[in-house]
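One structure follows; several queries about it will come next.
The first chain written gets the first letter, and so on, giving A, B, C, D, E and F; residue counts start at 1 in each chain.
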Amino acid sequence: MGVYAGTFDPVTNGHLDILKRSLQIFDRVVVAVAQSTPKKTFFSLEERVEMLKIAASDIANVEIIPFSGLLVDFARKIGAVAVVRGLRVVSDFEYEFQMALMNRRLSDDVETVFLMPSEEYTYLSSSLVLEIAVAGGDVSQFVPAVVASKLGERFGERGDGK
Amino acid sequence: MGVYAGTFDPVTNGHLDILKRSLQIFDRVVVAVAQSTPKKTFFSLEERVEMLKIAASDIANVEIIPFSGLLVDFARKIGAVAVVRGLRVVSDFEYEFQMALMNRRLSDDVETVFLMPSEEYTYLSSSLVLEIAVAGGDVSQFVPAVVASKLGERFGERGDGK
Amino acid sequence: MGVYAGTFDPVTNGHLDILKRSLQIFDRVVVAVAQSTPKKTFFSLEERVEMLKIAASDIANVEIIPFSGLLVDFARKIGAVAVVRGLRVVSDFEYEFQMALMNRRLSDDVETVFLMPSEEYTYLSSSLVLEIAVAGGDVSQFVPAVVASKLGERFGERGDGK
Amino acid sequence: MGVYAGTFDPVTNGHLDILKRSLQIFDRVVVAVAQSTPKKTFFSLEERVEMLKIAASDIANVEIIPFSGLLVDFARKIGAVAVVRGLRVVSDFEYEFQMALMNRRLSDDVETVFLMPSEEYTYLSSSLVLEIAVAGGDVSQFVPAVVASKLGERFGERGDGK
Amino acid sequence: MGVYAGTFDPVTNGHLDILKRSLQIFDRVVVAVAQSTPKKTFFSLEERVEMLKIAASDIANVEIIPFSGLLVDFARKIGAVAVVRGLRVVSDFEYEFQMALMNRRLSDDVETVFLMPSEEYTYLSSSLVLEIAVAGGDVSQFVPAVVASKLGERFGERGDGK
Amino acid sequence: MGVYAGTFDPVTNGHLDILKRSLQIFDRVVVAVAQSTPKKTFFSLEERVEMLKIAASDIANVEIIPFSGLLVDFARKIGAVAVVRGLRVVSDFEYEFQMALMNRRLSDDVETVFLMPSEEYTYLSSSLVLEIAVAGGDVSQFVPAVVASKLGERFGERGDGK
């Protein structure tokens, strides 16, 4: 079993792409949604989990679980052999490596596995999606429908590409 | 026509260098000053536009215009064929590419063009200028006179190199 | 007028993408094919020029010209205001910046303009195409038909996706 | 099953570290040794395979197999679900991503999985090992004993740390 | 004499590693603790200085001094010939270069010298340490004992690896 | 004492800049010219040493010495406390770090110190100088006079800016 961990603030089509790819490697994947992060999240933990559950409802062998505390402790507790992370750009790479090496120090029995999203998602990040939504742009091609409509509610836009 | 967009918080000599270079490519350049950004700006929109107008007053074929909303919408509205961006360092490169690819998705008819500042400006950024000014340093060699004197007012320094 | 310079050994769909984008900025673009490079080329200058001429035959306002000597001298001689370069990855970025700064030192009146290919071409390079062709792979989705068939001749493969 | 592919010219302790880590993810791993590369190898294919076989003889569920042609074709033929690659530094990252995206284009059913070596191996590469051996240095702390003694034979050094 | 400057919020084993290495180059090193930074610090200036003093108490020829204002002014005032900085990752590299070039402009007689920590510390940063401590993790292997116990007080953990 | 090591094929103004800066840190600097490199050099060892001797003749406390074998062995033999390296760009950074970590493994008592050239030399490399000279360009602004005239002899150009 693998753990795909992140903030998912909000989940994008790039996250779903990585999730599906991780299921080619692992028979089952737990999506671990981080309760808190150094930066305040835009959506609440409940909202982030809820959107993921709806967006991933048609993907088999996936479970969405919030977590707090250290990721490696969570991974060990649920019996995962590896943490899955998506890599898009060089700056991802460095931060991810720091985290992965730190995690390895904290718990040597959980490996970190990096997957690469489809090239159409290399530019995509949750924060860019939020920036565009704040500026009144249509984000429906970048995120699942549930996220587009939620962002539409917040910013007074339909958010469905119309 | 090209659009040179940014926050210009505050405009530096590096920005003016890119602006002049963009006029070798485009007959006319609109400097688009972003109203709001994810991070709070140090100077107000009015101040940033005002400083740019004074600093660029001797450069022909330039217009300074504030904008809100999506840059691609603004570019299309004023009939620009391209967005101009300055690239200095690798981390610029990645952020800029993400933005440019996202913008292309949002509007395929506005191209993004990257220019390289003179090597003496590769180290220069608005945020470093602000850091130095806050620490009581003299920034007059990095920014136009109007910015140096404005920063001097704020931080109780003459800011003109004396 | 812009100059899009390179070795084009061989031309790929990514090169054609950049060429088309450069025509949104410049009314006319000269594709300058470098005669010699530090590394020996796989195709001769004549072959590289010939393949480009066929591949770009349906793009208006383009001329294919071989050149030797310094690019900036060539650009100045034909009256170009800028050199066009495609940027895909961070390592491109650094090499390109070194070249562009060096060129600026050699001739201050020719600007370098960087364009970004479509994200589906960010992974694509002439050398990877050659590697795949050498290994017996089908490269027809990465290069124009004339290049695929030329590579097929060399490597005893049809090279047209069959 | 995973495929850990490379040139292994020669195999280093860093390669063995990645191999062991990949066995936390996959029940069985085939080490695919590339027959030819764009650059000429220092050791012959037979030597590279032989050294790997000796060095990995105590690791269970591993098979060493030479291959030629495209890696994705090989992976598909032996029924592997993923290609394993080690990532150490940023320049690895970019080359690896180009290869992985190209491979995905060539065959969408083989995923690429990136693993991170122990931090003590981040500096280690086959080419640095060869450089040190050529310069008469002792490489026995960087490579398996079989490689150290083979390099010792070639360069007239005992190569065993004495 | 060299100046090793930073925020040290809090000091890590990686900082102490760089400090010791700098004493192979300089006969005496002043550790300059920055009073304020663009980001708010977690520990007060007094705490940061105090922890450094305890952690470095057994290293000869070191003095811990807080400073405000520009680092180059401080360095010149105390008669240092160089500023020492640790480099771990590419993103460090770029920020550090910008700072160093800016500092050189502000004061040409203070050189910046970059040292590389032991590879076991390349992943280590004060902010990652704080993240782990906040998440309830044990950071005692990453920081001096005084810091581990201080973090333990704050986060209700013993923080000493038990 | 410091050792500034390299191939110097040929020495550029950027190398001389780093050499002078290293003398702000070390009382004496030995310039160690590598006899052989993985890549064949353009100039012979004798030529490279000779050009350096002429170019650095007016810099006090400098000695030019060719070396073969491992740099760390050479450094230890002459009693140097540190190896000096210039860092210009991110790709330098990674290669240099690999070398420095490897060297540290081979000999823990020789530290590696990185210095940054003046920003006007960040684009400058020996290989770019050779490329320009080969293409018939004037390199006299990038290299010492002795190198410009030597390159002029080879390529049938005066090479002194005329």
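Here is the rule we use: contacts are C-beta pairs under 8 Å (C-beta built on N, C-alpha and C of every residue); 3 or more make two chains touch, one makes a residue touch a chain.
Small disclaimer: the values here were computed from a predicted structure and weren't measured.
Student: Check every other chain and keep only those touching both chain B and chain E; list them.
Tutor: A, F
Student: Give me the fewest steps it takes to get from chain C to chain E if each step has to go to a chain it touches.
Tutor: 2
Student: Given the two chain pairs A-E and E-F, which is bridged by the higher number of C-beta pairs in contact?
Tutor: E-F
Student: Which chain's centre, taken as the mean of its Cα atoms, is farthest from the centre of chain A?
Tutor: Using the mean of the C-alpha atoms as each chain's centre, the farthest one from chain A is F.
Student: Among A-D, B-E or B-C, where does the A-B interface recur, judging by over half of the contact pairs matching in residue number?
Tutor: Having compared contact pairs by residue number, the answer is B-E.
Student: Taking each chain's centre as the mean of its C-alpha atoms, give the chain farthest from chain C.
Tutor: Result for max centroid distance from chain C is chain E.
Student: So how far apart, in whole Å, are chain B and chain F when each is placed at the average of its C-alpha atoms?
Tutor: Going by mean C-alpha positions, chain B sits 37 Å from chain F.
Student: Distance from the CA centroid of chain D to that of chain F, rounded to the nearest Å?
Tutor: Measuring from centre to centre gives 33 Å for this pair.
Student: Check each residue of chain E and list the ones that touch at least two other chains.
Tutor: Only 90-91, 94, 97, 101, 119, 122-123 qualify.
Student: Can you identify all of the chain pairs that touch?
Tutor: Pairs of chains that touch one another: A-B, A-C, A-D, A-E, B-C, B-E, B-F, C-D, C-F, D-E, D-F, E-F.
Student: For chain E, which residues are in contact with chain B within the complex?
Tutor: Touch residues, chain E against chain B: 38, 68-70, 73, 90-91, 94, 97-99, 101-102, 105-106.
Student: What residues of chain B sit close enough to touch chain E in their complex?
Tutor: Residue list for chain B touching chain E: 89-91, 122-125, 127-128, 131-132, 135-138, 141-142.
Student: Please give the residue numbers of chain A that touch chain D in the complex, ascending.
Tutor: So the residues of chain A touching chain D come out as 21, 24-25, 81-82, 87, 90, 93-94, 97, 100-101, 104, 111-116, 118-119.
Student: Would you tell me which residues of chain C are touching chain A in their complex?
Tutor: By the definition above, chain C touches chain A via 90, 119-120, 122-123.
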